[in-house]
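The structure's right below; bear with me while I get my questions together.
A, B, C and D label the chains in the order they appear, each numbered from 1.
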Amino acid sequence: MITAGIVGGTGYTGVELLRLLAAHPEVRLEVITSRGNAGTRVDELFPNLRGVLDLSFTEPDAGRLGACDVVFFATPNGTCMAMAPELIERGCRVIDLGADFRLRDLAVFSEWYGMPHSCPELAAESVYGLPEMHREAIRDARLVANPGCYPTAVQLGFLPLVESGLVDIEHLIADAKSGASGAGRQPKQHTLLCEAAENFHAYGAAGHRHLPEIRQGLAEAAGREVGLTFVPHLVPMIRGIHATLYARLRDPAADLQGLYEERYAAEPFVDVLPPGSQPETRSVRGGNMVRIAVHRPQGGDMALVLAVEDNLVKGAAGQAVQNMNLMFGLDETAGLKHVAVLP
Amino acid sequence: MITAGIVGGTGYTGVELLRLLAAHPEVRLEVITSRGNAGTRVDELFPNLRGVLDLSFTEPDAGRLGACDVVFFATPNGTCMAMAPELIERGCRVIDLGADFRLRDLAVFSEWYGMPHSCPELAAESVYGLPEMHREAIRDARLVANPGCYPTAVQLGFLPLVESGLVDIEHLIADAKSGASGAGRQPKQHTLLCEAAENFHAYGAAGHRHLPEIRQGLAEAAGREVGLTFVPHLVPMIRGIHATLYARLRDPAADLQGLYEERYAAEPFVDVLPPGSQPETRSVRGGNMVRIAVHRPQGGDMALVLAVEDNLVKGAAGQAVQNMNLMFGLDETAGLKHVAVLP
Amino acid sequence: MITAGIVGGTGYTGVELLRLLAAHPEVRLEVITSRGNAGTRVDELFPNLRGVLDLSFTEPDAGRLGACDVVFFATPNGTCMAMAPELIERGCRVIDLGADFRLRDLAVFSEWYGMPHSCPELAAESVYGLPEMHREAIRDARLVANPGCYPTAVQLGFLPLVESGLVDIEHLIADAKSGASGAGRQPKQHTLLCEAAENFHAYGAAGHRHLPEIRQGLAEAAGREVGLTFVPHLVPMIRGIHATLYARLRDPAADLQGLYEERYAAEPFVDVLPPGSQPETRSVRGGNMVRIAVHRPQGGDMALVLAVEDNLVKGAAGQAVQNMNLMFGLDETAGLKHVAVLP
Amino acid sequence: MITAGIVGGTGYTGVELLRLLAAHPEVRLEVITSRGNAGTRVDELFPNLRGVLDLSFTEPDAGRLGACDVVFFATPNGTCMAMAPELIERGCRVIDLGADFRLRDLAVFSEWYGMPHSCPELAAESVYGLPEMHREAIRDARLVANPGCYPTAVQLGFLPLVESGLVDIEHLIADAKSGASGAGRQPKQHTLLCEAAENFHAYGAAGHRHLPEIRQGLAEAAGREVGLTFVPHLVPMIRGIHATLYARLRDPAADLQGLYEERYAAEPFVDVLPPGSQPETRSVRGGNMVRIAVHRPQGGDMALVLAVEDNLVKGAAGQAVQNMNLMFGLDETAGLKHVAVLP
């Protein structure tokens, strides 16, 4: 059994990690930290875990955490880079669900996240945990930067087009929509039910933190810089991301369906839907799958990609578990076989 | 492996059975019937099952169904009693998620369901599938009548009070609230999102079909007739039932918390919450648990019971699987260990 | 034109007052205060008011407020009693949408609201602003205590039964359900969309602050103390309260429908529905109406009353405007003729 | 007073017309037809209208309708063109909220709507009722084709860019999102609460009926054909459309904010928001306003327009009333001054 710790177990990605790890056949949860809730039983905060998880939150402690095989950080940005060096030194492997290690260019990191980076060496060694791009590197990584929720859906949606050079990469458009759980469990006015329900709007049109992360991944796939307009929107629902992607085709006659099916043929968590499909976010709710459909509306020169994921699973905790499975040589799908709950 | 068939696999209880049985470690799904969708792949209708279930809907056929160890009916009322006799004769065991075999008094059945009962002998032999009341009889049953969604929550909520004789059973009140999935997947105007969202109302105040079923169960527990006012309401959500139960205490000094904890100590799917709790429906969403809290507001002579369940799981498909587990000597919790998805 | 001020215009009752008063034919809004948003244009916070209201929030100032004919307090409890004496001295009339002046017994007030009462004299003179009970006193009041949202629905629902002496007033039950806007616009975890949507639960079962207020009103109607069990629940929607009321009939043969129709025949904002009706909260969304249906399930000895209101209108801002209309001799329905928005 | 009739008063655009016209100061509703509900009181179906509208549905009758000054058709496509000729001959003016007269090219109409056009002459004379484009023609029209919901938002959002020639009109992208009321009140599976809530997906990616209508309007504004990719999505809410529009700028230095403010300076129902705004659909819920913000993300060469409307008001019934006001020389805003209900 792999022993695991979670730093910051009280947010939505934290409780989702708890749900997934509590049922994982090869993991034993040892430590769950929370400064604000130390001493409280986990199932007091999250009654869905009653009878499933017999643990209490503790203060973060490098000794107890460092004794784990793997530690997940489900914390605000900045926390992981403060604690990771010590844990890694103790032989622990680290998966950061925050943004500390996602961006290669630390100047870009500082610009978008408003803080200096405190451990450039670890940043240089860390691996961006999108298995569909970096599977082999993840296996050996000591430190994995788990991708953001939007970047997972948008990169997986665009990858085949960008890698193949079939589209104009100067003018990519990602119109993305997310349920409110992406905004976290901290009380904020704009995600109150009374503000977010029966309502729809864009946000971050001037520039969302996930923009540089997506650009970085697509540039890597393309071999050069890409131009991307990224507009996220808030959907009045709890879970789910829908990315609607637009790219102008250089060759309108290309076989897009074949391209996608081939690219993802071996991927356990990317499902390319039959031609004409329009995936629903609920078809992946609670599961680790991304479902993708590719269209060419009216047979024109615009490629349209529709991609859905559960932002808390493939967009966060599920992908973290997938990365852990890879890092420890387990079946990549272990503990991730949940069928989406529908309706 | 137990071989299973489902008659009527396209409604919400049907697809929930599919989700549970597809992941059940000791069951192999062999047949799923649907008159309207025969020939269609199951995962075309329910994309959450892509990669999980490699089956197509077929026309109902007594031969193929009868070759299964167990057949579930997730059908409109009247269907099961038409087909069950032949299947049972072929050695198949039957679990009816409809109402055909729930009521002992067939005159009452005819009155509330508007149809005569076509097989009184089977009705007489059938077992009401509430394991917390009839576990031993269920083990040996050839035909189990799976309880209704409201009756499961209301009976489990009232049982300790009624069995113990602690309350006035002439004036029980069950104020119940259900998500819209209880109304089924057939298009009806009142469960359109535009009618049911941002809205709340009672229905069936004049008399709901689950009233005689609840009265029957409580009368059995009490040893005599009970008086019950049952008012269901429609909640703008998909899953979940919340039963708020009121009963006047004969002895206000009784230890209600102890009574409930003792009554359900051995039950794998009834969770008595700590004193002062107020259970949330989402704490059981997607899982087979009923969570119950008992209160005595302001220390008065009124007992207040709050009970929650997922109407599609413990209120339908999950309880059906629980009954199957009992009937076939499996671990009662096999295939039912899902942690509720929260948020 | 009546000149009006609002203290605390940034919560949900505040913005609802703005919507109603901005369109009121006989009112001119002069002052809207908010400590936190002083200097901000009102329509910057509430874009629905763009082009409708040309005002900015200001710091509360007794001089400017005291120059108004009427000042509404849409503030946390305690604020109104601190400022009302000075305003009233300046000749201003005050309507408090908070709880400072709702309870006659100031010891009860202190017990439930956790603060001493700072102006008992004004409390003694204030009028409880439920027009259906106190219309004449309201006309002459200098200070009106606008009822709470639950108390409005529950009292109006029970009044005919309690006044007539037809029911056992020792064991009244009010099972009430409210949309999340009742919890206000301050960020709190339990009213985040991700917590409150797709979820249903009771709260305040141990004792909600509206309990003594309801008991006070019903006791006044009955001429003696009443026994009440009051259980509020949170509904995953924005607006609306549904009160489901139970009372045991002393005389089951009583004409309940006639009783209600007669009691409310002259009331402009109480609509007694035809026999058999089950009112929907959306039928009053955005409007000042309470709709009530009365039932006797299965012809038994239990009276069942279903009452709906918009908690922000008849349960708060609309009733405040109705009180203002009465206080200033206007048509009671002026500015309150909105048709509910449906769907 | 203008006398008005409504054909097909039981759908969502019908009941919204009722809400608006019942409170219109210069209109008297005389006739409301519904084949399925003839004889039923309107307020029995729509209790929000109790006390407001004292009418019953009747069978459609050319005599009674033809005696009205104006008749609104809120009917399935095909109905208006069957009845309009006779009504117009009787001197009645007609506003069709359906699609019968929206498309200039009747071959395109037949292709997209699957029926021949039965009155080409009336089609030729009819006026497309988007006041921001055709105000003068509307004033004199006998027959107005009220625009579709998506076309209203998308055209108003794109108009300044397309009219000014500032953008590449070959590759316009409209990523549009609508609440479920756009799908109507007829029971359909995909708009059940259990299907549409907690879910998000695109639909009509292969080609939606509003595509040719939008292309027609934009081509008229541009003076030549435009290329448009239009992808509608279903949002889990009742009311509201959000159009996110993308167009590549020929001149990135253009003053987009000024362009929009100038274009719509005189428009009573188009609100250009301050720079940096991101409009919310709820800011127009129940009102006739369109709110628009224009951005240039990261200062690049892509123009981004965000436009919101209430699909049942400015996208249907409200715009129809606006057209009526123009046709009868009333104040264009008469009966349309509702402040959006928020929250």
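Basically, contacts are C-beta pairs under 8 Å (C-beta built on N, C-alpha and C of every residue); 3 or more make two chains touch, one makes a residue touch a chain.
Bear in mind the structure is a predicted one, so any value in this text is a computation, not a measurement.
Colleague: Quick one: which chain's Cα centre is the longest way from chain C's?
Modeller: Checked the centroid distances; the maximum from chain C is A.
Colleague: Please tell me the distance, in whole Å, between the geometric centres of chain A and chain C computed from their C-alpha atoms.
Modeller: The answer is 45 Å.
Colleague: How many angstrom lie between the CA centroids of chain A and chain B, rounded to a whole number?
Modeller: 37
Colleague: So how far apart, in whole Å, are chain A and chain D when each is placed at the average of its C-alpha atoms?
Modeller: Roughly 39 Å separates the two chain centres.
Colleague: Mark out which residues of chain B touch at least two other chains, giving numbers and ranges.
Modeller: 12, 179, 181, 185, 194-195, 197-198, 236-239, 279-280, 282, 285, 343
Colleague: Considering only which chains touch which, label the overall pattern as line, ring, star, complete or other.
Modeller: complete
Colleague: For the complex, which residues does chain C have touching chain A?
Modeller: Interface residues on chain C, with respect to chain A: 12, 179-181, 185-189, 191-198, 236-238.
Colleague: Touching chain C in the complex: which residues of chain B?
Modeller: Chain B residues touching chain C: 171, 173, 175, 177, 179, 194-195, 197-203, 205-207, 211, 227, 229-231, 233, 235-240, 242, 244, 246, 248, 276, 278-282, 285, 295, 297-298, 300, 302, 304, 306, 308, 343.
Colleague: Applying the document's contact rule, which stretches of chain D touch chain C when the two form their complex?
Modeller: 12, 15, 19, 22-23, 46-52, 181, 185, 197-198, 238-239, 271, 273, 279-280, 282-287, 289, 291, 337, 339-343
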